[in-house]
Every structure is written in C-alpha cells, then in structure tokens.
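For clarity, chains are labelled A, B, C, D, E and F in written order, and residue numbers in each chain start from 1.
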Amino acid sequence: MNAMSELAGSLVIPIAAEYLSSIGGGRGIILGGITGVPPTRVVILGAGTVAEYAARAAIGLGAEVRIFDNEIYKLRRIKHKLGNQAFTSTIDTSTLSSSLLTADVVVGALRAEKSKARCVVTEEMVATMKSGSVIIDVSIDQGGCIETSETTTHDLPTFTKYDVVHYCVPNIASRAARTATTALSNILTPVLLKIADSGGIDDTIFHYSWFSKGIYAYKSCTTNLQIAKKFNLPFKDLSLLSATRF
Amino acid sequence: MNAMSELAGSLVIPIAAEYLSSIGGGRGIILGGITGVPPTRVVILGAGTVAEYAARAAIGLGAEVRIFDNEIYKLRRIKHKLGNQAFTSTIDTSTLSSSLLTADVVVGALRAEKSKARCVVTEEMVATMKSGSVIIDVSIDQGGCIETSETTTHDLPTFTKYDVVHYCVPNIASRAARTATTALSNILTPVLLKIADSGGIDDTIFHYSWFSKGIYAYKSCTTNLQIAKKFNLPFKDLSLLSATRF
Amino acid sequence: MNAMSELAGSLVIPIAAEYLSSIGGGRGIILGGITGVPPTRVVILGAGTVAEYAARAAIGLGAEVRIFDNEIYKLRRIKHKLGNQAFTSTIDTSTLSSSLLTADVVVGALRAEKSKARCVVTEEMVATMKSGSVIIDVSIDQGGCIETSETTTHDLPTFTKYDVVHYCVPNIASRAARTATTALSNILTPVLLKIADSGGIDDTIFHYSWFSKGIYAYKSCTTNLQIAKKFNLPFKDLSLLSATRF
Amino acid sequence: MNAMSELAGSLVIPIAAEYLSSIGGGRGIILGGITGVPPTRVVILGAGTVAEYAARAAIGLGAEVRIFDNEIYKLRRIKHKLGNQAFTSTIDTSTLSSSLLTADVVVGALRAEKSKARCVVTEEMVATMKSGSVIIDVSIDQGGCIETSETTTHDLPTFTKYDVVHYCVPNIASRAARTATTALSNILTPVLLKIADSGGIDDTIFHYSWFSKGIYAYKSCTTNLQIAKKFNLPFKDLSLLSATRF
Amino acid sequence: MNAMSELAGSLVIPIAAEYLSSIGGGRGIILGGITGVPPTRVVILGAGTVAEYAARAAIGLGAEVRIFDNEIYKLRRIKHKLGNQAFTSTIDTSTLSSSLLTADVVVGALRAEKSKARCVVTEEMVATMKSGSVIIDVSIDQGGCIETSETTTHDLPTFTKYDVVHYCVPNIASRAARTATTALSNILTPVLLKIADSGGIDDTIFHYSWFSKGIYAYKSCTTNLQIAKKFNLPFKDLSLLSATRF
Amino acid sequence: MNAMSELAGSLVIPIAAEYLSSIGGGRGIILGGITGVPPTRVVILGAGTVAEYAARAAIGLGAEVRIFDNEIYKLRRIKHKLGNQAFTSTIDTSTLSSSLLTADVVVGALRAEKSKARCVVTEEMVATMKSGSVIIDVSIDQGGCIETSETTTHDLPTFTKYDVVHYCVPNIASRAARTATTALSNILTPVLLKIADSGGIDDTIFHYSWFSKGIYAYKSCTTNLQIAKKFNLPFKDLSLLSATRF
C-alpha cells in the first residue's frame, strides 16, 4: 500500500543513521554531509515509493544517492520527483558493483516480480562492501533483494555478515505505530463510510466487486484461495455465496 | 568550532527520530511527513550553525520547523540559508509557549552569552508538552537552554520528565567519531603544515599571536588562566615565557 | 475548466492580502513572512487546481500553508507539485479546528461532489476564528464549503460575520478579464479551427459527439435538459434533430 | 531600517495585483503566470532589501522579473539570493527602455545617494509604457526614482499619467500596521532592556555613543541639527549637555 | 523514443553555446547569465521531451527561456516539470514574433502532426532575428518547424541565412554515441531477455503483437509497408506469414 | 576580476561538452544525465567564483560534481551557494585520486597562492584517468594546477596526453567577447564617470590612492615596478611624480 511505503521509506534513513554512528556500532560517520568531508554514499535498489521517500530523506540530510532499477519508466518518474540531479541507473552489474564498493548504506526496495523479489546483490558483492557499512532490506517480506538478507525482528533487529550490518525487520512501518494508524485510518475511514451509506456490510460485499476482492472470510468460510491453500482450509467462492443469497 | 556545530546539527534529527519511534519508547511517529498526516513539528531554539544543520535535516525529512532566536541578524541569515519559507520568530513567550504545546521535538541550540546559556524554556513550559515528545539540548555543555535539562552520557543518554524524553549528552559529535576526525583534520592539517613551514613549534608560538592563544600548557606550566583557576594549578603567562626566551 | 481554476487560484492570495491590510480594514498584517515575525497562516480546503495555485502563491509570498482534503490521491499529487514540505491532512475535525483557531486566511476550494459542495467548516468553527481574519470561498458558485458563506458581488465583495471578513464573489476570474480572455482563447481557438477543417458547424455537431455535448441551443431549440428545466423552456434532444437531418 | 524594507517589499506586489485587476481599473490581468499565457512582466529598479522581497513575491506568484541597479555587488548579492535565473542588469538606457515597453509593473526601489534618489526613469519612458500598467514608487519618500512620481496618500493612493497608474504612498509599511509593530518591537525591545540594564536613560545616553545618535530632543532642547534647521528650532549639542552634567 | 529525445535535448544547448561564441563565429556571447548582463534568450518551439531537456539545460546555465506550443496540456506538464516560473505560451504569431526579435537561440522541437512538422517560424520571422543568433532545428528529420531549415550533416553542420546560424543535423544524438548506446541498451536488453524467456525469436514474434510491430524484415521478406513502398520492395504481411506457420 | 571569473566559469562546461562529444573526438558522451545512464562526473579543483559558475552549469545540465579545495571557508561558501547536496572535500590525495579515476571532466580553477598556482593533480594521476576524458585548466595563466597542463591557443586549443584531452587556453573569457565587453563596461563606466566628476584624469590619479594603483604608465614613464622589471624599462614612482607636481 502506498501509504505504508511512504512510511517505510521515511523511516529507513534515520535507522541507517543510527547504525552508522559510533554508538550504534557502525563506522562512526554521519548520514549526510558536512563541509569538506565527502558525503555519505547511499545506494537504493528500486525506484518505487519506498525508494522515493528514502532517497528524499537521504538527500535532505546531504547524502549522495544512487538509484538502481530496471524499469526505465520508474527511473524517469523518480528522477522527475527528486529533481534532475538524481543519479539513476539500470541494474548493470558493473556500475552496481563499483557503487557498492564505496557505499556506506544500501537500501533494498525492489518490489517482487511474480511474488518473488529479485536478488540483485549477490553474496560476493556484499563481501566487497566497506567494513561497518549498513544494509537495510525493506523488501525482506517478499524474500529480500540482497542475497545475505535474513529476516530479523524488532527485538534483535540486526546481524553482521562480512562486517556489514544487516537490518531486515519485515514490518518497518510498525516503528511509527501512531503515524501508521493515522495513515491507515485515512484510507479505511472512507471505506467504512461507504459501507454505512450502502446499507450494511452484506450489501456492500455483493454490490461492489472491488470490495469483495478484499474479503478473506465470510460466514465461517475462507473466501481467499491463496490463504485457504496456504493454511489448508476449506475454500468457498464468494461469488457463489453471493449467488445463493437471493 | 563551526565544523563540530555542522556535525552536531546533522546528528540531532536522526537521534530525535529514534526516540520518537515506537521502538525508542516514543510517541510512535515518524520524524517527517507523509501524505495526509500532519508533519512532525520541530521547534529549534537558536539560529546558529547547529540550528541551521538541524533545521535543514528536519526540513529534508519533511518536518515543519520553527526557529526562535533573539538576534534578528541571525534569524535573517538562517532564513536566507533555508529559503524564504522558514518560520522564524524572536523569542516572545506567547509565540514560543503555543509552539511548544504542539511540538514533537525541541532542539536546544542557543549559544551561551557571557559563557552562560540562556534558559528560555521554563519547567512550566516543558510540563505542557505532549506526552512522548523529545527534547535534545545541544547547548547542555554550556548549561543548557531548557530548565529541565541535565547532563546525560552516551551510555544512558536519556531521562524522562513530565513524560518528555530528554537527550542531553554533551558531546554529540562523538557519535560520528570518524566524520569528526576527518573534519578536525581538515582544520588542524593546515596548522601543522604552517608549524613545519615556520621552523618548529617554538617559533610558531612566539611569532603568531593567534596561535599562542590556543596554547594551554607550555614546558610544564599551565598557560591558560581559566584552566589554571578551575583545577587550581599554578599559572604562567605565555608572553612572559616568551619574553624570557631571549 | 482547468485554466479558470489556475486563474482563480492565482487571484485569491492577493485579494486576501488586500483584506488583511490596515487599509482593507483587516488585521493590519502582511500576507507572507518577514524575518522574526511568525508567518501568516493560510488554511486551504481542497487539493485541486485552485488550491494548488493558491498554495503556490501563498508559499511564494512566505506564508505557512495547510492543505485539507479527503482524497488521498489529490493530497499526494499536490504534495508532489508543491514540494515535499507541504502540510497536507485529511479533513479530520480536530486537526482542522485547531488549524482554524490560528488561521489568518481560509480559502474554500473544495469541489462539489454530486453537484453539492461539502460544507466542512461549520458556523461554530468560524466563530472561533481570529478577529480580522479573512475567508475567501471560491467554491461559492457550487454552494460554498464554509457554512457562513453567502454569495457577494464585485460591487460589494465582502461582509463580516463573527468579525471574520467573508469574500464570496462567484466568478473571481473576471477580476482578470484580459488574462481570462487569453486563457479561454487558447482553448477555444483549436475548436474553431477544427470546425473550419470539418466543413462547418453542422457537420461538426453531427460528427463529433464530444462537440455536441457542448451545444445548449440549436435552431431555436433548447438542447440542454438542465437549462430547459431550470428556465422552463421546451427541450429537444439534439440526437433526434440529428437523425431527422438526413 | 531593514525590517521596514522587508515589509514594504512584501506589500508592493499584492498592491500591484490589485491595480492590475479589472476591479482596480487596471489592465485586467493577473500578477503571475498561468499555463499558456505569457507571465506578467515586473521591472524592479534597485537591488536592495525592498527589491529583494518584491522580487521574491513576484517570482513566487509566477511573474517574470527584471532587476536594474548600477552597483554590481548589489546585483551579485540579489542574484545569489533569488537564484541563478534572476535577470539582473546595470541601468543602461537601452536595456531599461526596451524592458519598460513591455512591463506590466514597475517598482521603484532605488535608495537615494547623498540623500537624493536617482531619477532613472524619465517622463518620456513612462509615456511609452503600456496603457493600464502600474508604477509603485517605494522610494518616493526620498524624492522617487521615476520622473512622473508624486507623493500620494492612503486615502487617495493613486493617480494616472500617460494611462499608467502611479501608486506613490510614502509609508507603505503602515498598510500592515500590526506586522510593522511586531517587527519594530523585535528591534526596540533589546534596546529597552539594555537601558534598564544600564541604570536608566541618562546613563545610557551618555555612555553609549551609538545610542546618543538617536536622540532628537533632550530636556526641552532639540539635539538633532537637521530637525532644528528644518523647523527653525534652537539647537543644543548633546555632547555639550553631557559635558555639563558632571 | 523518449531516451533519444532526452539525449537530443541535453545536447542542443552546449551546441548553441559553441555557435554563440566568438570562436564559433557567433555573437560572442555566453549561453547563460552573469551578474549585470541581461541573460541569453532562448526560444523553444515545442513542449515535449526534447524541449524539456533543452529548457532544463538552458535554465541551468542561467538563460531566459520561452516555450511555445499549441497543446495546453503539454505546456501544463512542462511548466510543472520546470517549476512555476517557466514562461509558456501558445503559438500566437504576435507573441512569437516579438520573442524572436530578441532571441539569441531558437530551438525547433515541435513534433510532426500526421507525420508532417508544423512550420511555425516563417522566413520573414527569421529575417528579423538578430545577426549572429543561432537556430537549432531538432525536428529537421520530420521536415523542420522553421521555414529556412535545410538538412545539414555532422561534417558541415551549419549554414548561415539572414545572418542567422542554422544547425540542422538530423541525428543529433549521434554526437554522444556512447551515451546513446547505453540508453538504447537499457531499452533493448529487457526485450532480448524476454525473447530468451519466450523460447526464441519466432515464438516471440508470433505470440506478442507489440513485438511483431517492430519487425521490418522476416525470412527475406520486407514486412513493413512504408519501407517496402519507399524502396520499392515486395511486401509480405507478417500476420499472413504467421498464419501459414502452422 | 570577479566578472571575468563568472564568465570563464560559465564557458567551461559547454567547452567540455564539445570535447566529450563524438564530433569533438571525445568519449562520445553527453555532459549531463539522462534517465538510466549514470551522469557525467565532473571534478572541480578550487571553490572560488570560476568553480562556482562551472559547478552551477554542470549541475544544471545534470552532471555529478565534486569540488576540492583546501580552504574550508571557501568550501562552506560554495556549498551554501550551490545547495546542501554539493560534494565538497579538502584536497586529500586518496579522495582526489579515486575521484579522478572515474572523472569524465576535470576543471582546474585553483587560484595561485603567492602568485604561483598549486599543482595538485600530478602526472601520475592524469595517467590513471579514463581514455577520452577532458581536462580544462582555467588556472593556466597562473601556471596551471594540473602537472600535464601546457598553454594552448584559441587556434589550436587542445592537445592529448595519456589519452586525455587538455584544453589550456589562458583567456577563456575572450570566447564571449561581447559578453566580456558588457561585463567590463559595467565596472569601468562608474570609474570613468568618477574621473569626469573629479575634474580630469590628473586630479583623479593624485587624489585617489585606489586609482593610482591601477596606473601602469604616466607621462612616458613606467610606473608599475613589476612591469618595469619584466620588460627592463626605467621605472618612476608615481607618488614622486605626484610630489613634484606642485
């Protein structure tokens, strides 16, 4: 969902700042740039909403940002949104590898294709990264786009591999629970008002096909095929239930 | 020193982000702004270099920033540096109080006058702040500019008073030890080269009055009056040592 | 029409400036911000084209702008267009009420839904506004989105209620008659050239359905149902006229 | 004073907008730019603080701005403040004349030299301006920098010559009386606090030479030579009064 | 193709700079603006991608840019992309003519309509242009949008008419052969990977209609009608070849 | 002189663009950045006015810029002028060397110290640069700041060493003779007017010491010591001439 992507993207950069600091056990550098000191280098994999908000925050702090994605139209859009100076590149191995060599922070924000994230950063590439650099793999809930990523939790959010700090907590947005709540309410409230206007939940389900797509269970039946399969539950087609209603 | 102020200002905002997060025990909000959710409100006391870099970072993340200082020329300069939209105000109690009521983050960055920081935020004002909001008092090494501030350490960096998280570690720049080192080297290297050019340390001390001002001890004597007084050490005037040299 | 919305949005802010001035009988403040004086606060209801141009002008003058709308995608678009720092919020009563308490200018620019403007600012809210503040309800031609709005004219453009100046002239764009003319010509000229290319008005009407939608009267017959009803005129269906033509 | 210049500069552009409008009897155009309509052209004479704030407001509204001054260092400063795209030119008659031919608004903001404003726009040049264009001569209190300028009042703020509206009210800042008051308080309050700290007004006068320069009358004597001459009053030298005090 | 348009637009302005210089035989002026010297004036015909990148580069160098197009929605888009201050106008003869009188550089970037570029600048208009000014007609490969344009080559890239330098090399992008290659690879590589995934070229041709549109020749037959006509070659319809395959 | 530095800085980047192009015999790349292709890398040595205008132009075209200088206050100023994202670094050999490895363009713009330019790029470093990259040494008139630089002329402006194109024409500003003339007139005209006001050249020379500093010859005598020495001419002290005048 777009709002959760905006949120995750906004949260990523301060997290990276924490793990780059001497206190966080990192390289002991700032995330940003002060006069006369080369700015922190941030590599962002992906050019969607998470990437956009992470890039904006990193640029706002004064870091140097490089954005990699294979979809030219996404690169064009993010370049337009961030301003003409944004560094964008397709994911060609040579440019990416040399960027990783000097990166202080890598943000994984590639969306999965066919529900499988593309693993574009190999273990070999991670092994070449600078000691104390930080990887935050936001796409970990879809399998991650960095080979060394493994799911972590808010209690133990990081592990270190090849001297690179990995932060791979799946639901980053929960760090800002209150903001997330407001953002979700902004989206859900109009739906609830619509239900009230439409004469109750049943009528809404059976009149609005866009709505029925979001129904996972109805009258003790699982109505979402993927969920039913995954947890081995009996499945009922909602449109059949709808048909028998009259 | 300007470089350390740039550094401290850059570090402040990611620290605030950490303590605002649910993980950091804060309000569970982001430091910034996503669509449809009112942005985080940051009040900055002071309009010098720390304030400038903190403001820039906060604005970069999408927060709403208000800057208070009593020196009009400093406000004019920071307004010019941050762009015309920056909210600047002299420290009048009514505007400041109402800004604190809604603030999520307060950054204390007022320089001391006559080596005593001005305490512009009273305990009463802190008591009216929102539960879970964050105070970072960068001026704590000069006594602080918020009445409830008390020095903390990197080991135990915060305490809570009136439900407001206080972060009052004196030497914030040490969080980014490596960046600080580079920044200091940028300033010290030219001095060292100058010493080499001038025929050694002694000649430099006695030929350059700007240099002698930075000498705290010389040939087992304390040559800085304040230090001598504070630690009750015998004091010798460097210019007398210089006179006796010939 | 988009061009008229750009125009109305551009005109709104200088009008507000006039009524805020001591000469205009207002609070005696500028619309904008000078160093050390908190900037003027502008609340904009709506996030469409009028809102965008009004916001841009207010920001350009140095004011602090808050934009309220219930459609997240519109908020996202305007936030993108105005830059990341724009304050956007869904219309939740608590945030809106507290913003109105401190507002100097309120611009009503919510489009009507189902041809009825949503009245989001109640009379009670207006009663809490600051004395001498200014309301400009651009949506007045669709019924207005502020409860106290009542249509005014260019001859007597304002009235005062609860000590708040209300400017509710329906056709604001007519203030800039010449600019409006150029803007409309830019849109109409291609249509006229098309008609010439298509072999005259009759052929255009009967060949292009998008064109026939704009025909209100044809050969002494009223061909627009709403107009016919409103003024109690006999109505003829243009497509029937078209059919009988051959 | 700088604060009053910021204020006057901010006020000028909305005033121009009013007189350009059809309602204000002007050309019936907006001050700014909408898509597909060439933007309003604003010529600003001078490159000081008034000019800077007027230019910023005009640019903010979308107008095309041209700034003329003879002092290169002022042009360099304003170009830097407004961004690289600002059009700056020294006052050469040919460039200025051709700019006036197409100008919609002319703002006179040249400071007087040797207490006499430079009259850089001649009556002949005004005669070539477009019908319905607007001149606002902010420098009128120093004699004006446009030959056709004559002092007007807030009651009757404009006159028309060569079909060009002239607005020449000397104290434009009084349009925003409340903002002006706050701005002046920001400057005066520190002075008043200083007086209190220094043991009363007498001690302050006689101890601070910068302060005594601002004393126009002391113990029934006029102590400012210019004022005394102008109103034919007996003059006493404040330093003599000071000498006799002991 | 969008990428080639970005490229051509980026190249145009440095080329213009070369021919404006004294070395290039031009007016001996910079392309841009330095303090106190009126900036170079660039007129851009068209508001598509070439125009956008040319405008951005010209603005980046400090020039004054005017953009003309007849499609309001394109003007709106480019105005949004370049920032609010961009001068946009529909192509009305009077505004265009007066802009050409003072132009230093004219960039022709109007796309052809119905595969015929619109010639909006007549020979008479070119005759009024300043001596030593530069025309770069990027649309020359579609016939050009300036009446005096005639195709030139990289070997002899310019000719002079009415004392105006004309640069009309059709394939400007070839100036940056390496950048063009990378840009094209970015687009072609995903297609090649797709072919590999789809089981070879034949399967791809016959399964993906979007792909077959790009096939000019197949098994010794010309399959593109325009090419066949132009070079008088026998034509075979690819869909028939496809049908006979089974 | 500042104006000539602005001019030289503005000219440098289009020259680099020419020599990077395939036509100019360069790498065949653009100076700038298009979507999906890593932007051109420009290294600028120095942080004065030439550097500022070159950086601005390069950023405007979409290139990635790195600025090196040893004076922190100059880096601070240029960072402020170009925006917070500018990459600034002191000249430390390791950062500079690795930046040169990937640079496409190097601009030498370090001012000489004690009338001798600092040579900060050694021949070894140039040897590591990419084939087809471009060096423009603007400081060549003070000896150059790149070891391989040798003065060239407008007729034969470049030579190639280590496969790197060197452009080392001393008086770059003469490329834009007309702009330079206007810029110089802007500075000289006030001086000429001053002379007229002061009663002729003789009185000006003898009354204004700032003016006499610019006199190289007076009444057939060489009055500038350096010139006299260099060309072995008899020298007369202007102040003695002045003394004998009465």
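The definition used in the following text is that a contact is a pair of C-beta atoms (placed from the backbone, for glycine too) under 8 Å apart; a residue touches a chain by one contact, two chains touch by 3 or more.
Please read all numbers here as calculations on a predicted model, not as lab measurements.
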Of all other chains, the one whose Cα centre sits farthest from subunit F: C
Subunit D-subunit E separation of Cα centroids, rounded to whole Å: 47
Distance between the centres, which are taken as Cα means, of subunit E and subunit C, whole angstrom: 38
Separation of mean Cα positions, subunit D and subunit A [Å, integer]: 53
Multi-chain contact sites of subunit F, meaning residues that touch two or more partners: 3, 33, 35-37, 56, 59-60, 62, 72, 76, 84, 90, 186
Chains grouped in pairs wherever the two touch, ordered by label: A-B, A-C, A-E, A-F, B-C, B-D, B-F, C-D, C-E, D-E, D-F, E-F
Touching residues on subunit D, where the partner in the complex is subunit E: 33, 35-39, 59, 62, 64, 66, 72, 75-76, 79, 84-85, 87-90, 95, 98, 102
Complex contact set, residues of subunit D against subunit C: 3, 6-7, 10-11, 13-14, 17-18, 20-23, 27-37, 53, 56-57, 59-62, 154, 157, 174-179, 182-183, 186
Touch list for subunit D against partner subunit B, complex: 2-3, 56, 60, 81, 186-187, 189-190
Residue ranges of subunit C touching subunit A (in the complex, touch as defined): 70, 72, 76, 80, 84, 90
